[in-house]
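Should a chain be cited, it is by its letter among A, B, C and D, assigned in written order, with residues numbered from 1 in that chain.
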């Protein structure tokens, strides 16, 4: 019953097998290998457009490289106030960009609204040297609250950003989970909705350590090979990144993994919602459930060995009432490896908590 | 016949098996897993001292993190003029250290001499604000010329560095190859000879992507966890780094791998040296052979499908005569996976070259 | 009638004369001159403690150097959301600190409250590598709203900051204006209230280009000489910085200049407050007046040639009602050079505006 | 008898007077003032081309801003091994450029030769991600040895640089001294010879603290206003920079100042050369004299109160024999303020030294 994060899961069997298979013989180093070339070819195919793609081992690297490419040091990257890039990467975007500024935009349910974006942009006077200059918008899809931007929402935000001269980055650490929930094509969920650069995650969804950084306008990626090398993210035995990504994409494996994770999350969310005293502030749209639990339920779950994190409840602006003193706010994450039996056991433990 | 680099080889069987084994069940993320803890415990045991250890996926990350910890932005890291950190990491140390300066010291055979180090240090006036301040000495072991510093040489350089207030880093991307050649203990080859921080490589010697950054004074590593995260080098599924390192160290596997690579290099060097017209400027002490080949030999080898790199001959100061116009300077690298048969085939092709 | 800023004023006569006087003969370069030594001696005397002091030409340099010294790259400097360091220096603190993060704390009237500071600190988990680590608190005195922290307020904030391990920086671009309003000693207004490092401004208060960066714990300033040189802020003819600062401090000149500016601001504020329809959201405590003007008054003032800036009204949280559509929010700044006659002319123009 | 540096001199009378004159009334801040506009207009006129110009207070700022604009973080700026930007600015170019690399090219007499430049360029493989990419060539005019590049030499180096895709920067801290020695126009000495960006010094030649950073292709300066502000080099009372530069340029004042300094240097060099035992390794072409003095002469000069610096003799490659044990290598600098009587007194003291 480990719901701490989707990165506590291991590697899916096909991806592990692909690593084993890629191990035969010698291969050209530093990403000039055949599996990497094949992975990038498949990404272009799946996204139905020419891309410049780069495989790296972590999501933080993908995001920070993206933002460093899109923003000059005197620029600003706008993102949700609780965005992973802003709160959970120890300042990686600032480091990679040589000191660009992340500007957090508040918004309920982890989402930036067009109004919020416009208001933040209005606070910047273009060309005024006293202020950093807005250069990029970064959207988290799935959001930090486990919600999903609709295609219309992405398009609306992208339009505002682009009209203001900003490039649009999507932190897609859980892009697969969002995509299968949206039920659209990868192209529709990204560049057709205005996304310029996508951090296309695989690690949280079954890879060992592999993310693709995808530029939909290859011309914008000219500096990336140098930034990647310089930041130590050009793996010498690159074939193993390529092999992971190939297996991830092969036959829709990535979407199957995400569907499994999302389905488990739905079961869990529905079960939790039915427990008296439990409140879910946001709809469960992907593979993360945020819940306000009575402390007695939390105690029963922990006694049963369930693992999950207490989470900071967002600042003012949410429609939900914040947790009271006898409540606790938690995050639960399912993965491709979560079993339905774990859900049942978890819900059983929750239901078995002593009544107030 | 791929002698392009040791990183064109794959993963050793025990390390690959360890990755497979580590895949069962869930594990705590971001390096807080059991295999990582075990790997660090074993490293401390093998190095016979308390350490602060950090696993990362690339040697560039290990080196750059080390130098960023040892040098302030206004500091200088002294290294051999042809050192990997100076020439082959696209400025990673400068990036991680926020602009510290690498100062190259010339020296024959890839080695810094005590005289060379002292002369370079004499060029810096301590406390003079117009100059960066020397903060670290970085030694490559194996060197960029495939040679090995003796323990006495390391100790002599470390003594000069430490007396001048510099910390000593060792770029041990091929530390195992050096160690088995030196025939000493890991402790003797590192901290007992004055090394403060070691980039302990495994990737070139059979791992998939794994290096340990080892601080022999744990107190000096306080900033490392943040620098590592911030640079995107804290892998979420850290157990797979831990598993690689455990298998690498298990039962002396790492030394066996290095012995195999070194032995192949010896065969190759001896065979080459016996070929008329071939010159080896430096002794082959580990798993790299540098050779000046007659162009007709080079052509015959390439025709036979051999892979290796032409290499820049070092600037003035070497005892060997530089390659003439009908010669080519090349680097050949063996790995744990190199087979004796490949060596034989290679030498056969070289010998079969048409006579002048 | 130039109320655009106090830096539109020129240089006070004694300071200009001191520059002229300092021009005779030759002098040691790069801040090793006699006038600089004398200036630092006087600063120590006036602040009644041992200091490490550094003269630079701009307030942005002083602030950014201070924060770069107090925060590591993976640190955070907490400040008011509208603080100059956060909003008006084009990311200088991020640049000088190699990517530290500024974290804005909201608060009415430009002031951070103990509650606001504590709440922000509570959002950081110490030692958690995913987050930057709070390292410094920066207080603007005078604040961005022209208000002044009382000694008790500074002490309360400093206590919270220090208990949490943060150093305390004060952006004192208008420190003199605050000091004469507080009516206390420089020591009381700074280190006795818990301030570790002070940007002691002179430029806005009559100098040509001179600010002192003052460390009250000299041991913390070890890196400053190198950071200053490296950022191009070690003036070669440093005697002219020293001369400015000496003249500024001589015989209480700095306090006289500030008293004059503050007195003009009081006249202006009182006059404005008496004009029907004009609203002053915050008390005028130093030399800045923020006013919500009826647009017809604004038009009359501009027609009369008055210069001042429209200003962004702070986001939610202020007790005052934001400007309506027929109103404009403006900032007016007086300086040592502002004449009472200008105030009278300004108020006359405002009063002469056509009635609604 | 202060020959320590030209920045130990004060401010020329016309420039000081211009500062005084500029002090009347109020002026727009941050470089938007009339004197700055006028200074930039005059620079364009003097250089006979459209420029983007920026006034700053130090040469280090000008140089570092220039190189940060011309080189990406993963770039290299090539310069003479002993160049001020490489040796005497505490890593400012690395800081401003977020970690670009300075690559020193050896060369006798402080000069880069076409052969030296070509050889260094040949060491870089374009597009190879393992290496930083050469982006700029920085030439010091006057050089670090007090010599001057001829127009043909600049043109030859610029041609090689530009053909290789590098921009050309000139560190003209002593541009005026070089120009009057060359006897050509400012345009001929800069953009017509292939220079893209010029650090046009005034401080060492009579200003208080003022340098112009001049882009001959204004389009390349787009990021400069932000970099300047962000580095704290946008002075608020910018009119005083403008006033200095206007007075400096007015009626050829800058060239008169430089001629005076150069003439004194000629007298000094000729006098020294005539003293038995004194050797001058390089011709005195501007206002710096480098001399190898017998120690007894040095002692006599110091006893007479002369001030100058011992200097590091350049590494191998110079035609002159390095100083022996009874000799000392020194640098002597004259300025606009040096008086002929000082030269006579100095030479008298040297001649009066006890004979060996």
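Just so we're on the same page, a contact is a pair of C-beta atoms (placed from the backbone, for glycine too) under 8 Å apart; a residue touches a chain by one contact, two chains touch by 3 or more.
In this text the structure is predicted, and so the values were computed from the model without any measurement.
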Taking each chain's C-alpha mean as its centre, the one farthest from chain B: C
B-C or C-D, whichever has more C-beta pairs in contact: C-D
Distance from chain D to chain B - Cα centre to Cα centre, in angstrom: 41
Centroid distance [mean C-alpha coordinates] between chain C and chain B, Å: 51
Whole-Å gap separating chain C and chain D, where each centre is the average of the chain's CA atoms: 35
Residues of chain B engaged with two or more neighbouring chains: 30, 73-74, 89-91, 95, 98-99, 129-130, 132, 226, 229-230, 234
Contacting residues of chain B [partner chain D, same complex]: 73-74, 87-91, 94-95, 97-102, 123, 129-132, 312
Footprint of chain A on chain D - complex, ascending: 30, 72-74, 98-99, 129-130, 132-133, 223, 225-230, 234
Parts of chain C lying in touch with chain D, wherever the complex brings them together: 2, 4-5, 7-11, 16, 19-20, 22-30, 56-62, 64-65, 89-92, 95-96, 203-204, 208-209, 226, 229-237, 239-240, 307, 337
